[in-house]
Amino acid sequence: MDRRTLLKGFAGVGSLAATGGLSMPALSQGAAARTLRFVPQANLANFDPIWGTQYVVRNAAAMVWDTLYGVDATLQPQRQMIESEETSDDGLVWTFRLRPGLKFHDGEPVLSKDVVASLTRWSARDPMGLMLKALQNELVAVDDRTFKWSLKAPYPKMLLALGKNSTPIAFIMPERLAQTDPFKQIPDYIGSGPMKFAKSEWVPGAKAVFEKFADYAPRQEKASWLAGGKQMLIDRIEWVVIPDPATAAAALQNGEVDWWENPITDLVPSLKKNRNINVDIADPLGNIGSFRMNHLHPPFNDVKARRAVLTALSQEDYMRALVGDEPALWKPLPGFFTPDTPLYSEAGGEILKGKRDLTAAKKLLAESGYSGQPVTCLVAQDQPITKAFGDVTADLLKQMGMNVDFVATDWGTVGSRRAQKTPPGQGGWQVFHTWHAGADCVNPAVYNAVRGTGDKAWFGWPTSEAVEKEVTAWFGAKNLDEEKAAVGRLNKAALEDVVYAPTGFFLSYTAWRKNVSGITKGPLPFFWGVSKTA
Amino acid sequence: MLSYILRRILSTLPVMGIVALFVFSLLYIAPGDPAAVIAGDQASPADVERIRQSLGLDRPFLVQFSSWLWDILHGNLGTSIFTNLPVAKMIAQRIEPTLSLMAITLVLTILVAVPLGVLAAWKAGSWIDRTIMAFAVFAFSLPVFVVGYVLAYVFALQFEWLPVQGYTPLSNGVWPWFQNLILPALALGSVYIALIARITRASMLEVLQQDYVRTARAKGLDQRSILFIHALKNAAVPIVTVIGIGIALLIGGAVVTESVFAIPGLGRLTIDAILRRDYPVIQGIVLLFSFLYVLVNLMVDVTYTLVDPRIRY
Amino acid sequence: MTVMETNTVRIPPGLVVAPQLPDLLSPVKIRRGVLGFLRNHPTVAIGGALLICLVLVGIFAPYLWTVDPTAIAPAKRTRLPSADYWFGTDLLGRDIYSRVIYGARVSLTVGLSVAVLASLAGLAIGLVSGFVRWADGIIMRFMDGLMSIPPILLAVALMALTRASVGNVILAITVAEIPRVSRLVRSVVLSLREQPYVDAATASGTRTPMIILRHILPNTLAPMLVQATYICASAMIVESILSFIGAGTPPTIPSWGNIMAEGRALWQVKPYIVFFPAAFLSVTVLAVNLLGDGLRDALDPRMAKSL
């Protein structure tokens, strides 16, 4: 089965439900039916999708701000705010034209100058944006609805950059907001998306409220992820933050909330037993678990020590510790790219397959010269994913004969400490865990964590010339076959140099009450097309 | 009296100052970096550094502290690093649930605990006394979250009598407001009920042995009037004291209770702020809590004069 | 502020149970023998016996049919209690029975250490504060400041400051408990100083260390012992709360709070994960509280008589 059929199959489940929802006139129902109460994965603590790039901010922002392009369920960028675009023959000058009738929530029309300011701010923060900025000759408004981006060299991934769903998304804001320093927060939350943000009702840590924007002009096409017509069938969306999963489960069962974004797997059986609740896979693109090693300091500055970890690491242990006994929720991942996407590869993945070889791992480790120095492992306890990974890693390293210095802490501390390049004894580290959304691991452009640019690379600072060579090859690829070949070689090189150790591919559930329909599978919760009966 | 209260208020200022300095330096030397949390997983170290600079977190300790103190003295608690909202506003949004929870817990506690304690003292040595005291010791030994989960399981999930979670503002009606707070107040109050019941019993026993009470008993005065008018009034001082001390206990317990019952109060705001290193918010809340504590204890001291005429200032 | 120095009712009897006057503190009549004492104070016997059992369980944990409490087995996770896994297994497939038994070590260590450390520190601070007039104001303001921060918040903040370890948990809880002990000691010192015989001793030129040794310490010991048991109980609960919030004992060490924290998301479907550590914790705290109550009654005959 190729990935298109698979993804269409996934999307089909949602759209089938959506037609059922569409036939019901939303306005004739009571107020309860027009308000959707949603339990997000985390607290919406700030609300500037360029400044803060947590997934939860992106998910809320996707309702409030619109994009020029949007990827659909087949990962292809489609026009959203854009009516038409043109490329010069040499591929250097892009001219875009906005759809007519677009309005911001304050009633002002969306103009080219807003787009120019928004793209300028975004390109200072986004990895693809930074590449565009480096190539940029000028980005200017031609008239109110036309703008032009001219480059020094062709950038064939332009539409993907403008429509991708990985953070930060290229959201379009009014010029006055977009002129804010990209490293400071915007003072107000005005967008042109289908929902308005009710700032006065926002209680960070508890509640965020979105109201339908009456003047939104959706496209005529059927909605598919960030593409197509974003038809809002509900008037009001309340995000209710419930940090305790047991409480969230109880609230969903009692009908106090309608939709829980990420129920923990162990509670799913009891949710499934409830006649009023639907449970399904949230995002077919899933997540990739990461065991990140510090390439600057012993023992993991030696590739043998890193390969020792790959030799002994059991992805099944990591995955089952996280998702429990549900085999449908995880897959072994002998590679770095998202399964069931075009560039997925298992080249060089033998080291992660088959029976785990502790003896060989110990031998490799001894050859690397490791002799019992403490290995500092940063483990964030407030994230279920990193917590489970950390427990498994502590056990794994102990079995490999390593002396684990387990630093149990919170995500905030891991976030700052992992940036320390100093040796582990002086504030640095050797291991931390994180995970990458599958949607961010579909190609090398959006995938910072697989890069091997040494000092400039992502935390852990791996150096791999072989990986970088293939990244360049991929950017220059002229067709999908060339792209696949380049990424296959990249995957092999990244495993040989052990850029990081993938701990597996996992999916998560989402759960909603049966009076809600139109929920689509995707990398973020899409609220358009969702309806509710009383 | 008035000058006493004034002196007390003045004497709390250095206390608040110590708390402020203490908390500020604690957070300053704490590891963890709000800039890294904001920047998210895809940000480069350079981005994190720029965010840190724009938040002013790279300035020296004394500069940060004095500018914060200066703002406080001007009635400005600062702005949250994360939400960009004024700390005073965030606290104002969250204070109603916490105060409601504490108030209901306190009322509930006194309504339950004082009669229990009086009863136990009156029937000292009987099976009633033993049962009450056994219950008190037991309730005292259970962590608040265990009580919370058991209550939620029984009354919200099995019987479906009460909501599992959340908070309804008082402006939406007294019953919906009260309904949401019954279970949390019981969970939070269990330890407190045990504590106050024991203290009530102990101080009642003490008073009941005083000569004048014995005399009253010997004179054949009505038992109830002895208990509730003569004895309880004299036993009130230690009870009131413990209610004052218990405020700190209550605030600590509220942190846990609020997260078990998903009540959007100050307790959860505090934990969230500590985990994210949202310094201005943490400082604002701790200042507020210590102010509250000092205030309550001042009130307690004033109450002494009302319940015990022997105490004069 | 004169009221606080002379008015002994500032000490809440139930919380602290400080007998206020020395003549009430007649020493335990040892000559009746330990057995006789225990017979007269059954709560001390019950509490003490329970506590000794738990201490033994903690010490001999490796020999009580336990396995490695940290060995994970994700393939055997969340198993119900059975002949193989007496208390079932947790989310990582670890044996809950072994974890609970080893967990006794953490709770007891934390409880006892905090009780001892807080008592010693509180005693020292209370004595200084009670005898050195000029230092009293400063110390008590500082203690007021510490006390005005809710203990759990203070401990969470201290834990955020350092890395998670049992030592730091003990330290954080101790810091939060010190003000209470030092206030107790100070008030006992102040009330004793008013006593004619202490006055007389001072007037006759007995030096302060001697007064402390002869008059103050013996009379402080009883209320402090009682207070220490309550601190021990509360420290065990605070440890579990800290671990429950995720700011306590490091998760690599099995502690009752940690086991509950890890199982709490599943309390609806797998209640046994929370039940066993909760039961052990409750029983332990209960034992300590019984011991404390018994000691209070034994050391304060006035209260004992009324029972």
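Residue numbering begins at 1 within each chain, and the chains themselves are lettered A, B and C in the order written.
Here is the rule we use: a contact is a pair of C-beta atoms (placed from the backbone, for glycine too) under 8 Å apart; a residue touches a chain by one contact, two chains touch by 3 or more.
This structure is a prediction, so every number in the text was calculated from the model and none was measured.
Peer 1: Quick one: point me to the chain whose Cα centre is farthest from that of subunit B.
Peer 2: For subunit B, the chain whose C-alpha mean is farthest off is A.
Peer 1: If I average the Cα coordinates per chain and compare with the overall Cα mean, which chain comes out closest?
Peer 2: If one averages C-alpha positions chain by chain, the most central is B.
Peer 1: Rounded to the nearest whole Å, what is the centre-to-centre distance of subunit A and subunit C, using the mean of the C-alpha atoms as each centre?
Peer 2: Inter-chain centre distance comes to 47 Å.
Peer 1: So the centre of each chain is just the mean of its C-alpha atoms; given that, what is the distance between subunit B and subunit C in Å?
Peer 2: 21
Peer 1: Between subunit A and subunit B, what is the separation of their C-alpha centroids in Å?
Peer 2: The mean C-alpha positions of subunit A and subunit B differ by 40 Å.
Peer 1: List, in ascending order, every residue of subunit C touching at least 2 other chains.
Peer 2: Answer for subunit C, listing residues that touch two or more other chains: 160, 264, 267-268.
Peer 1: Got the subunit B residues that touch at least 2 other chains?
Peer 2: Counting only residues that touch two or more other chains, subunit B contributes 31-32, 149, 157, 259.
Peer 1: Mind pulling the residue numbers of subunit A that touch at least two other chains?
Peer 2: Where subunit A meets two or more other chains at a single residue, that happens at 244, 246, 250, 382, 409-410.
Peer 1: Name, in rising order, each residue of subunit B that touches subunit C in their complex.
Peer 2: Subunit B residues touching subunit C: 7, 11-12, 14-16, 18-19, 22-23, 26-27, 29-32, 124-125, 137-138, 140-146, 149, 153, 157, 195-196, 198-203, 205-206, 208-209, 237-238, 241-242, 245, 248-249, 251-253, 255-256, 259, 270-271, 274, 282, 286, 289-290, 293-294, 301, 304, 308, 311, 313.
Peer 1: Per the contact definition, I'd like the list of subunit C residues that touch subunit B in the complex.
Peer 2: So the residues of subunit C in touch with subunit B come to 1, 3, 7, 9-15, 17, 141-142, 144-153, 156-158, 160-161, 233, 237, 240-241, 244-245, 247, 260, 264, 267-268, 271, 274, 278, 281-283, 285-286, 289-290, 293, 302-303, 306-307.
Peer 1: For a test of understanding, state which residues of subunit A touch subunit C in their complex under the given definition.
Peer 2: Counting only subunit A, the residues touching subunit C are 244-246, 249-250, 264, 266-267, 269-270, 316-321, 324-325, 379, 381-382, 387-388, 390-392, 394-395, 404, 406-410.
Peer 1: For a test of understanding, state which residues of subunit A touch subunit B in their complex under the given definition.
Peer 2: Going by the criterion above, the answer is residues 43, 45-48, 51-54, 125, 127, 166-168, 181, 183-185, 187, 202-207, 240-244, 246-248, 250-251, 253-254, 256, 382, 409-413, 415-419, 434, 436, 440, 448, 456, 458-459.
Peer 1: Touching residues of subunit B toward subunit A in the complex: what are they?
Peer 2: 31-45, 47-48, 50-51, 53-54, 80, 82-85, 90, 93-94, 149, 152, 156-157, 160, 163-166, 259-262, 264, 268-269, 272, 275-278
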